[in-house]
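Both complexes shown next keep subunit A, but they swap its partner, so subunit B is in the first and subunit C is in the second.
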Partner chain A sequence: MIRHPLAWCAWATAALAVAFIDRNPYLQALLLLVVINVFLPYRGAPRLGSWKFGLALALVPVLFSAALSRFGQHLLFTLPPIPIIGGRWTLDAVAFGASTGLALLLTVAVFGVLQTTVRSADLVAILPRPLYRAGTTVALALAFAPKTVAAFVSIQEARRLRGQRTGWRSAPDLLLPLLLTTLERALQYGESLDARGFGSGRRSRYRPFGWTIPDVLLLLASLTSIVALVWWPALSYNPYVNLAPNVPGPQSLLTIALLALPAVTGSLARLDHAHHHV
Partner chain B sequence: MPIITFDAVTYRYPEADRPALNGITTMVEPGEVILVRGASGSGKSTLLRCLNGLVPHSTGGHFRGRVVVCGLDTRAHPPRQLGTHVGFVFQHPDAQFVLEDVEAELAFGLENLGLARPLMRKRIEEVIDQVGINPLRRRRIDTLSGGERQRVAIAAALAMHPDALVLDEPTSQLDPQAAEDVLQVVLRLVAELGMTTVIAEHRVERIAPFVDRIWTLEAGALRDQPPRTALAEGGARPPVVDLALRAGWTPIPLGLRDARVHAQRLPGGRANPAPVDGQGPILCRVDGLDHRYQGVPAVQGVSLILRRAQVTALMGRNGSGKTTLLKLIAGLLRPQRGTVTHDAAAAYVPQDADSLLFAPTVGDELVGQSAAVVAPFRTWLHRYPRDLSSGERQQLAIALMGARADLLLLDEPTRGLDPSVKRALSAYLRTRAGAGASILVATHDVEWAARSADRVLLMADGEIYADGPPGAVLSDSLVFATQISKLVGGGWLLAEEVPL
Partner chain C sequence: MTARLSAAGAAAFAAALLAAHPAHAAVHHAALVIQHSGGTLLTRCVAFAEAQITGLQLIERARVEYQAQQFGSMGSAMCQLDREPSTVPSGCFGSGPYWQYFHRQGEGWRASTVGASSSVLHDGDVDGWRYAAGTNQTPGNVAFAAVCGAPVAPAAASRAPRATASVRPAPNQTTAVAAAPTATTSLEALATSASPSPKAVLASTGPPGQPPRATAMVSWLALGGAVLLLLGLGAVNLRRRGP
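Coming up: the complex of A and B.
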């Protein structure tokens, strides 16, 4: 199994570069398959929340693009002159939105894989010493995010209990208690960090990471993928110019195939594990 | 030589008009166990925070006198330097973790000290054994229960090899079983390692037999007394001490083990629990209620009648479905099967009363309320709600939510409250019930339920499995039994009921 956080960061960078630079739907779909197959052997308890969020996020640009863009040759239908959404609705605009949506879904999926495979403690541990304090602050902020969301939901529920508005118009009223709750918690975190010697001097590492062969292979594969993307740039997909995407060349397929390496090593490790338990 | 010295310490928070600590002079010898008690807002947390320098380094304010810990003056040494001498465990399990998993969290403090890897490994293995958290070492923090988190927090503090352990109400946010697990760990450290321990704790009955001295705080002033003297004087004390004082037992027993010798001389006899009054008008009827979260049953086939002028305690372990049932009755959740009907407005007060208070002053919170509701809060009207003590906030939240409702649904209202505030809450609920309200309280607090409720429901696995007067339900339970019930049996729940 691949464990080194730097190897995973390189993989994520390459995957995001592929998702955003070319935007060819064939390649995006292939990349999505690869990311799902990387996710499967590394997932712990099945967590569908981020995938559902990604799907919802992917639909937003489709709707916006279809409703707001009036360009394109392939007419779907024409609405009467209603403000904002009236006029021509085109397949080209839907395709443009879908391509953007797919890129967003891929972003969420890639970060889903990172969340499953890399702990923030590991990321903090590999940071160069001058960046350690900033890294811990970022790790803390990331850990804080779900708690802030939970506090927001709890404040919203409390307002509902007191018979007050909870819609978007009440957002300013929700913001103040949320800010206060968050500040109180931040102060508690600060006290905890201080009490545990944070920033008291030169820091050591409990579990430094060593590079294994699969880690090195993934780093090389990811770097090769990025270089290939820059070296052989494919024609960027623009549905307004040409609705049908180009058939991807072998170099583009190779770029994505390299990113499937963690799926292969993960599956092999699982097979090996299962074999030992038979 | 004392390990901790307070020398004429007076401290006032920034912008406060009176000191939180006032002229405190005392000391702690190595290996001593000190229990700190006092009402909410009496200065317990402030006093404990002086020990690792968080007061005044983190809080600011006006500090006079000096605190010396292991020879270090806390004014000259910041908390990060005192961290190797004083292990600190905070009240809220959530507020003290930086990283995602247990082992990384245990290593965090040691890495900050720059220790060599083999030494870190040795210390981590040691504390894992001492605190008994080996099964948790690979777990993510967010998958741990509150009790498990507090045990990890204690282990993380111990890993630094402190000279003293300071715990600020470590069990106030936990259910009884989790609290018991955490206190077991603390007591084992005291017994086996002779660890100098300063602990603020409301569950006095569990900790009292093991303490060397009790510090009682009142409005920032400290009384340092031997346990028997302090407990005899009043304040938070175990029910066996109440019974001992009534019966004139000497020396006063501090725990069940000491009390059993005296209890054998009691005349005996069985209590005759009053039946639950089944005559009051029905206010709420729950019929065949089912609710599931993502397919997992939370409430199953619950049928229940709540009558006016009745205080009902709903008890059960964490995750037994208490909160879900309250929310279903309040109409916050829609039942997937069954019906809830009530003849009056219902008000639900959640566990976290803070989330209900968001106005800049208490007066603003109370705008539109009747004079009778506002009256008890008249002296606080100008105050910022979050500056109130936890008991005061709870009182305000219940008054706000319950003012116009006859069906009050309260979720863990006594959590973290000191005994005097709990008594005030009891009195308020009895008054409301006397005026015709029906009150359903989800609680883990057996002593409070025995004293305040007319009826007790026990819940497990989404089902109600016992329903009756406290004397019947709580007296033959192993888990939900009061200290007096454990001591004398016979259906007696409270010290004042036992015949002498």
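Coming up: the complex of A and C.
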């Protein structure tokens, strides 16, 4: 299995570059298939929340583009002159929004894979020394957000169990315990950092990262993918010019196929694991 | 066994990708028509090997001097084309005339809805530019055949020698436009232009090869193969439990 955080970062960079530079829907769909395939061997407990969030995020640009853009030749319908949304609604605008939305969905999916495969502590550990403190602070801040949401939900559930109202009118009553919980957690984080000697001197590692063959292969494949993307730039998909996307060329397919390497190595590693157990 | 089959499938897919010819095998032509404020008309025929190029690439390959400003996904606006205006106004546009961009459609011109860097040209397309004030000031009525000659039959095109992408001299290189207010032909105006001579030849962009339909079929097959491989891999991974 691929473990090195740097290899995964290179993979994520290459995947995001493919998602945003070449907005061809065929390539985006293929990349989504690749990302799902990479996710499958490393998956833990199913987390539908991230996918729901990604899908919701993907729908927003479609709505915005369709409602606000008046360009395009393929007319869907015409609304009466209502402010902002009135006028021509075109298929071209919907396609443009869908392409943007798919790129956002891919971003969520790529970071979902990164979250599954790499520990945030490992990511912080590979940072150069000048960035270590800033990286730790950012990692802690990012970790704070889901914990705050979880605390909010648990406070809400506790109130519901006591038969108290939970609507938006109860927000002031919710905020105070949430603030206290968050402050308490922040203090715990501070004490925990202090106990670990954060910022006192040179860092030590219990388990230094080693480069395995799959790690090196993934790094090389990701770099090759980025180079290929720069070397063979394709015309970016623009539905306002040509609604039907072009069939991707062999170079574009090769660029994406390289990103499927973790899916193949993950599958083979699990196969070996199964053999050892037999 | 499954691992060997997966490896063989991946190797076959990679070999198919490497063996496939690039999508830019055939030689295509697009015409460029530029009408200056004085009525002088500059036409260029540009050959390209790709299936399509942008309007800006057409200008670049015709070796016509230009300065453009990018406006996001809507493409670039033309600030200066073929040394007109002599100095580029600050912010690209001045208060007077500006470069208006058109595509040839049927017997007339259609105003482009996007900038030159976002417009797409295929074989036989014509792009028109006119430096004028007011809206919809179209260039002169110049057809593709007048610039690039009669279109070549596909069979004849496939027998063509290993050609290079080139700028072909247009038959009516310096013809005046009937609709233009000053319709006098001006060779001097062209002489001061930074554009290349009509006989200038651009660098090669690839030899002619198989017809585009066959290339598209290969691309579709490669895409289908990739999807099938990924679905197969996904099915294998789904059957196993997580680590």
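Here is the rule we use: the second predicted complex is superposed on the first by the 234 of 278 C-alpha atoms of A that agree within 3 Å, B and C clash if a C-alpha of one lies under 4 Å from a C-alpha of the other, contacts with A are read in each partner's own complex, and residues count from 1 in each chain.
Just so we're on the same page, contacts are C-beta pairs under 8 Å (C-beta built on N, C-alpha and C of every residue); 3 or more make two chains touch, one makes a residue touch a chain.
Source: prediction; values computed, not measured.
In the overlay built on the shared chain, the residue A:43 is in contact with subunit C alone; subunit B does not reach it. Contacts of A:78 after superposition on the shared chain: neither subunit B nor subunit C is touched. Of the two partner chains placed by the overlay, only subunit B lies in contact with A:196; subunit C stays clear of it. Shared-chain residue A:137: touches no atom of subunit B or subunit C. By the touch criterion stated above, A:1 is placed in contact with subunit C alone, subunit B being left untouched. Partner subunit A is touched in their complex by these residues of subunit B: 49, 52, 54, 57-58, 78-81, 83-84, 86, 88, 90, 92, 94-101, 103-104, 107-117, 120-121, 124, 156, 160, 332, 347-350, 352, 354-358, 386, 400-401.
Interface residues of subunit A, counted against subunit B in their complex, comprise 119-121, 124, 136, 139-140, 143, 147, 151, 154-155, 157-162, 173, 176-177, 180-181, 184-185, 187-208. Residues 2-3, 6, 10, 13-14, 17-18, 20, 22-23, 51-52, 54, 73-74, 113-114, 118-120, 216, 218-220, 222-223, 226-227, 230-231, 233-234, 236-238, 240, 242-243 of subunit C touch subunit A in their complex.
On the side of subunit A, the complex with subunit C involves touching residues 1, 26, 30, 33-34, 36-37, 40-44, 71, 73, 96, 235, 238, 240-242, 246-251, 253-254, 256-257, 260, 263-264, 266-268, 270-271, 273-274.
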